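Got a structure for you, written out below as structure tokens; questions coming shortly.
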Amino acid sequence: MDVTTIAWTVLLLPLIVAVSILLGLKRWSGLASLVSTGSAFITLFLCIRLAGGGDDLEAASFSWINMGDALQIDIGLVLDDLSRGMMLIVTSIGFLVHLFSLAYMKDDAGKSRYFAGLSLFMFSMTGIVLADNFIMMFIFWELVGVSSYILIGHWFEKDSAADAAKKAFLTNRIGDFGFMIGILLVWTLTGSIYFNEIAAAVGGVENAKLLNIAVFCVFCGAIGKSAQLPLHVWLPDAMEGPTPVSALIHAATMVAAGVFMLARVTFLVESAEMAATVIAWIGAITALVAALMALQQNDIKRILAYSTLSQLGYMIMAQGVHHGSDAGMFHLYTHAFFKALLFLGSGAVIYACHHEQDIWKMGGLRKKMPITFITFAIGTAALIAVPFTSGFWSKEAILEAAHHEHLWGPYTLAIIVAFLTPFYMTRLVIVAFFGKNRSDNADHAKEVGPIMWVPLALLAFMAVFSAYDFLTGPLMANGHADIGHLIGHFGLTATLSLTGLVVGVSAAIYFYKGKDKDPISIPAFADRFYIDEIYEKLIAIFQDGASKVCDLLDRYFIDPIVARFPAMTAMTTGSILRIFQMGNVQTYAFMFSIAVVALIVFLIS
Amino acid sequence: MPVYFLEIIVVALGLIMLLVDAFAKIKDKRCIAWTGMVGLLVVFGLLFNVQWPESTDGAFWEFYSSNDQISLFYKGIAIISTLIVLIMAADFRHIVVAQTADPEKGAHPQAGLGEFFALPMFACAGLMLMASANNLVSIFVSLETVTITFYILVTYLRRNVGSLEAGVKYLILGALSTGFLVYGFAWIYGITGSMQLSEITTALAKPEVNSIAALFAFALILVALAFKVGGAPFHFWIPDVYQGAPTPITAFLSVGSKAAGFIVFLRLVSPFLASDVLADKVTLVLATIAGITLIMGNLAAMPQKNFKRLLAYSSVAHAGFLLMALASAPTKSSEGSLSPATVVTFYLGAYLLMTLLAFLVITTVRNSIAGEEIESYKGLAKRSPFLAFMLIISMASLAGIPLTAGFYGKLFVFKIAADQGNWTLLVIGLIGAAAGFYYYLKIAVPVFFGNPAIDEGEKLSTIHVSAPARTAMVILTIAIIAAGVNPNLIIGLFS
Amino acid sequence: MESALTLDHFLIVSGFLFAIGLAGVLVRRNIIVIFMCLELMLSAANLTLVAFSRFNVHEGQPSYEGHVLLFFIITVAAAEVAVGLAIIVALYRSRETTDVGKLNTMKN
Amino acid sequence: MTFLFFIFAALTLFGGIGVVVNRNPVTSAFSMILSFLGLAALFIQLNAYLVGVLQILVYAGAIMVLFLFIIMLLDIPKAENKRFPVFTLGASVVVVVSFVTLVIAVITKSGVGAAKLPAIEAQKGPGQSDVHQIGELLFSTYWFPVQIVAVLLLVATVGVVVLSKRELK
Amino acid sequence: MTILEIIVTLPLLAALVIGLGAPARFTALGASVLVLIMSLVTALRFSPSIEGALQNVSSRPLMQMDGFPSLSLSFGLDGISLVMLLLSAIVMVAAVLVSPKESDLKHSPRLFYLSLLLIGGGAIGAFCSTDLFFLYAFHELALIPTFLMIGIFGTGKNRLRTAWTITIYLGVGSLVLLVGLILAVIGLGGSTFNIEELTALASDAPMAAEMQNWVFFLLLVGFGVLVSLFPFHSWAAPAYAEAPAPVAMLHAGVLKKFGLYGLIRVALPFAPAGAEVLLNLVLVLLLGNIIYIGLVTIAQKSLDRMLGYSSVMHMGYIFLGIAASNELGLSGAVLLMFAHGISIALLFAMSGWLREKYGTLEFNKLGGIGKQVPKLGLLFGFAAFASAGLPGFANFAAEVEVFIGAFAGAQDGLGWIQWATIISLWGVVISAVYMLRAYRAIFMGPIPEKLEAPADICWSMRLPLIILLVALTAVGFVPELLNQFIRPAITVLLAAAG
């Protein structure tokens, strides 16, 4: 198979699987899940073949909209280091999650639907990664939104899941609103929607103000998809979906799409200084706020979700930093593995604890689930940037980039996050895995089967070693940081982050060791700074209120004025005119005569 | 065959019918009506075979407009409407008998029917003469023949209070309008010194014409003519008379009388319009009357509850549209636009089809359902889908829904009004047409949405439609739709 | 034969007579009287017609066309009266009234 | 001549007013005959002898007799019971007066009738009277309308029969 | 007779035959399937390479009269009308399929199918006519059948009032339209009704500026009423809510597009200057459709009304495409007409089924029925997402074209239309809000206790839904399927409009 065929196969195979499950395979759910997993494996295999550098390639494209000179939109694939690397992440984690799900979703009634959704997601994500133009990226951007909707709402008969799915989709739509405007503006400014043409034309754009606005609008898409402030609210709720989904979509890949997109259009971001600064700030603020929120969560998946938010903040910040894009992508890459690991690990825990998610009702799982514990611990280590784990290197790269560009504000915030992350993750591990069992569910927990722990083990390996050259070489040819370079620049940043690690971990141990309930209570953190509540109020006032007003206006003003009133007037006039018809023939003669007189007067005057 | 043979044949037919009624002992007097129908069909056929003389000096031709397809067309309208009135009258016989004679006092079981069938023939002859009359004398005589026949026919149900009341109202107001007409004729004669319309036209077109006197004469004539065609504010008789008259006669009034009224209107008004001195004011007056008529007819029709009365107002409304066309006669500067005569004639042709269809349905239904209130048509669609369908077709056409003949009528009217820049009239016409959608479709509500008013357990009776009526309805429907697609089917007949 | 009379004299008389007839139609309630008044109006029109004829002289003769029309008018008026009275009789038989004000069962 | 005109005109108009004003239909009818007599005289004054005679024979004679006959037949109460409603009366009077005013205005403003009574030639000889002339017109040129009027009269006859016969056999 | 004439005649003929007593459903189905097949054949034989020229042309002169434009019964297809024909044919088949069987109708099954055919046939006739008169006339064919259908077979207590509202409203609208058309024809010389010739006249000898303004205004209002342009929209939602599902499908899906078709086919080429002058008015009104009606849609509490309002709202995007009046915008508008027609028909078909089975469409009485009727839930999900403008469905492709088209030409800064586009984009969020709310309320969440589960949709119901969905996705994936026809036609149109 030549490269083009491989690329198209990688893109379309999951779609074919999804459609065939939809069209009939769904009756045999076991088969459906196997087919889906098989397709994930094949795509992984193909992506490995693709990986490892090579020339950039524009795969043959399919003309989607052809409007002559006015507009050409192709579905074209671009294979460069960036997309190849991202594809590997997507397919490898995707495959592992498929595998994990085989066990995790074994007895679920909607298993076929679940796997169809996963395949659809694989298709959409691949599309984003391989897209060679904005519109195509937007198309798949929307499609990942849908697959995420389907998967979050998998247990749709639960109110919370249904609401979460809706919320996720709508929040993303708001981001997409900006994204679309951004695309339109970029198209207006550069005359193209193709990345390579935009890159060539962006230098010639004179209207810098509009360009900044355009880039910011494009970034809005990333705000939505990567759950940055202020559109971050959907991600924690999205944990209502099955845990493997959280691992795949809401930790490793889809949420990283925003970062990927910014990396794809680095040339745009770098040409719009104002917008870039805003991006960096928003990333940093998100990282901090999310970390603060994570401090006080009790749901194992939510803690991980907020940590995801926080890490995404890092990545986004990196995109806003000049020359930081690669660092961001690198963090995306490492984070994908260790966060998927953490989620799958938490999935294993939840599975073992009969769908118990409150860490205060776990405890002591270290002994009951040793493999899970070890892998989870490795994941945590990577996340809190214990030196020599992959997370350490990638985070260092970002901080270093910010430092290098003298973006002191975001840099400071990022450093604070480096203190917070170890704290809340350590809290999680201590509470969930150490101490004694705090509920029956935790009491009956036992180690999960190999289909579940094998992926964990593989991911744990990656969590530690993915940053090193023997892996980044083939896997992440583009976006990896030079470890040697980092070591060479050992200085303020590394010192600070190591301090943060030590302080955070020890503080957590101090506060939480042997506790049965949370000794610290900061309601603002626990209640997510009340942002959700504020949004609800705002929606109630501005959207529901406005729609109520409009509805009333429509019923009692527009309709009466435009339709009922004229109709009534005609009817009333008719009724009045009827009165002249008095039934008395002399009256008729009288009016007859008046009319005659009037006629004559008119005619002879 | 000279064209005046037609009238003579029709009169002769009427005489034969009268004589048969008087001297032959026949059981079913419908034979008389059938004779009339067949005769009229023959006359209608002859209509396509008439000849015009080389010279028009002969005695008859004084009173005929020369070689004129339009007058033939109006004769056709008269014949068709009489034919269908006869069909209706035959179906209406039970009611006629019940309300004219009292069998307990020794009346013939079909008393009074013969005359009821024969009199329309004479009216028909009068209408036909009106169609080609071009002399004040023949106009007057034919008009009065028609009018007096109608006095009788409207009052025909002499035991029916409504019919009598209608007759008296029609009589008084009709005579009043005749008075104005004669007075106007006298003045025209005085100013122009002639009875011949062509000479009158010449006389009025002179620049030195006595404009005040001419306009005064015009006012008087206009009053009488507006009365005949139902232009406001001289339309007041129409609702009452239409409602009270026997249904077939209402149809006859509404189609035959109106059509003939309009051809006379056209003939009498055109000399005034042709005069540069008078045209402006005449047009303005016509426009004013058209506007008032449109408003009166259309809006006052909306709250009506009696079907016949509603059709009466609709008749006024249509008169409004027709007057609108008359009021949009092209001035010298706008050559090449539609002529009002064409528009009016087409409109009347279409109006004939749809109105007669509606009245055929009313007459047929009246045999099974007492009353002509709209409410009493409840559930008609369930009792007779055929009649319901016919009714909706005629209503659609009256309302001016496209692909029915009625729509072209309105289109032509709007077109000619727009050609002349009669924007005010156009707007009023639009309002009227919009109101028309309401009051015509109003009838569909009980017909289609209601349930027949029958007692529990009683079987739903179907409504018998007589064969001639059924045939006529089908033909009319086809004609409405065919002319709705291709108006040339009607226009080709007179141009 | 020279005379001081002008056409105006006759026209004005005729106009007055017409108006009187009209007034009768408007104010009287007895149908028969109303009918008489209508005849009065016709007669007034006749007067106008004859007057115009008389003043429209051709070759020393009045134009007799007006007289012909008048002849028809009288004939028609007679027929109208006959029919009208028949209607009034029929009405009286069924309603026992000749008051036109009572004929208002149909209105609006 | 002028004097006679005013006499007959007055007769005509007062007769007319009598028709309108008298409450008793019989009196009205007699006033009408009076009016028609005056009218006939006016016709004769206009050299319309045949018309004048017809006016007396047909109108004052036949038609008015018919009216009287019907009035008697129906035995209508002598006077209309109710008084005329003031409003109707007033409004009608206003309308009628304005109508008259307008007619006069038209006549004077248009100047249509300023002409003096033109002289006409005396009878040209036997067979040239107005009766002859009208008769000739009627039965030559106006032959056709006469036939139509015949139909009209037939219709009227039939109609009268149908409408007023006691019971249709 | 050309194939096109047969296509136009067939539904009307079938209606006649049904009226005369033929088996209603069978005839209607047969006719509509035949029409669909013939339309597809026409599309396959349609050659997009002949630049925009009319194809399958037939003309039967009817009348030549002094002072009246020459009239002929002429049909022909260009790319735009071909797309509309396909839309009509597809929706008509689906509408007949989802119609209740004769035995399920309490009364007048013949009237039901007859009216359905008239509505559909009228739309087809209007789209295929190349004569202005018949373009108008065919559309009006639906007026009375719609009235009867809503009045007789509609649901809800207010159906009579609703039937009146829609009938009078559309009647008045079409009268305004008629005057606009008459004015246009007079302004263009008054010699013909042939649209092609009139278009040529409009570019050779355009009307005076003031006349153009009036013509465009009248046409905008006239067509606008038919399309439920804000503020002439209040007939639409109740009518669609209370009409029987097939009628709502045909009316919202097909017939309503006539007004837009007319604007593109008639108003723009005839009065381009008027269109430019009134652009800002159009922008304000279309924002009224998108934002204001969008908000009204959110406030609805039952599915039928929500769908009704949503169909009003979506008209705004099509107007945006028309307002852009460039190649991209207009193509997008036409494509969106197709897409919206199919998707709203899909939604109405399903809401009709739901109402029939559950007896209610109110959000707070339904819930979680995705468990009870998973197949319907899945299909409804597709339709809802399609309607919300999800990629993969035709709506998205069309909306992209519209947005880009409307945004074009902003290099020197944003003009009114660009701002309008930006605001319109918020409509995409709004439609997602109400669609997902509805889906959430009906199909997701716990099932209310009293709700009994009906059997899931059977094949006779599934088939029409699948037909519609296939059309929607096929065009969504490969918009070129239709764009290849639309593009040349639009080019010609724009060239004519200067």
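We call the chains A, B, C, D and E, going by the order they appear; numbering starts again at 1 in every chain.
In this section, a contact is a pair of C-beta atoms (placed from the backbone, for glycine too) under 8 Å apart; a residue touches a chain by one contact, two chains touch by 3 or more.
Everything quoted here is computed from the prediction, not taken from an experiment.
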Could you work out how many touching-chain steps separate subunit C from subunit E at minimum? 2
Taking CA centroids for every chain, report which one is farthest away from subunit E. D
Using the touch rule from the top, point out the two chains with the most contacting C-beta pairs. C-D
Report the chain closest to the protein's overall CA mean, measuring from each chain's own CA mean. E
Look at all chain centres (mean of CA atoms) and spot the one farthest from the centre of subunit A. D
For subunit C and subunit D, what's the span in angstrom between their mean Cα positions? 5
State, to the nearest whole Å, the distance from the C-alpha centre of subunit A to the C-alpha centre of subunit C. 97
Whole-Å gap separating subunit A and subunit B, where each centre is the average of the chain's CA atoms: 76
In whole angstrom, the CA-centroid distance of subunit B from subunit C equals 27
Multi-chain contacts in subunit B: which residues touch at least two other chains? 137, 141, 144, 148, 151-152, 155, 158, 168-169, 172, 176, 190, 212, 216, 239-240, 434, 438
Where subunit E touches two or more other chains at once, by residue number: 168
Find every residue in subunit A that makes contact with two or more other chains and list them. 567, 578, 581, 583, 585-586, 589-590, 593-594, 596, 600, 604
Touching pairs - complete list by chain label: A-B, A-C, A-D, A-E, B-C, B-D, B-E, C-D
Please output the residues of subunit A touching subunit D within their complex, sorted ascending. 586, 590, 593-594, 596-597, 600-601, 604
Would you pull the subunit A residues touching subunit B in the complex into a rising list? 567, 570-571, 573-575, 577-578, 580-581, 583, 585, 587-589, 591-592, 594-596, 599-600, 602-604
In the complex, subunit E residues that touch subunit B: 19, 62-63, 65-68, 71, 73, 107-108, 110-111, 133, 136-141, 143-144, 147-148, 151-152, 160, 164, 167-168, 171-172, 175-176, 178-179, 182-183, 186, 190
Listed in rising order, subunit D residues that touch subunit A in their complex are 88, 91-92, 95-96, 98-99, 102, 105-106, 109
Quick one: which bits of subunit A touch subunit C in the complex? Just the residue numbers, please. 578-579, 581-586, 589-590, 593
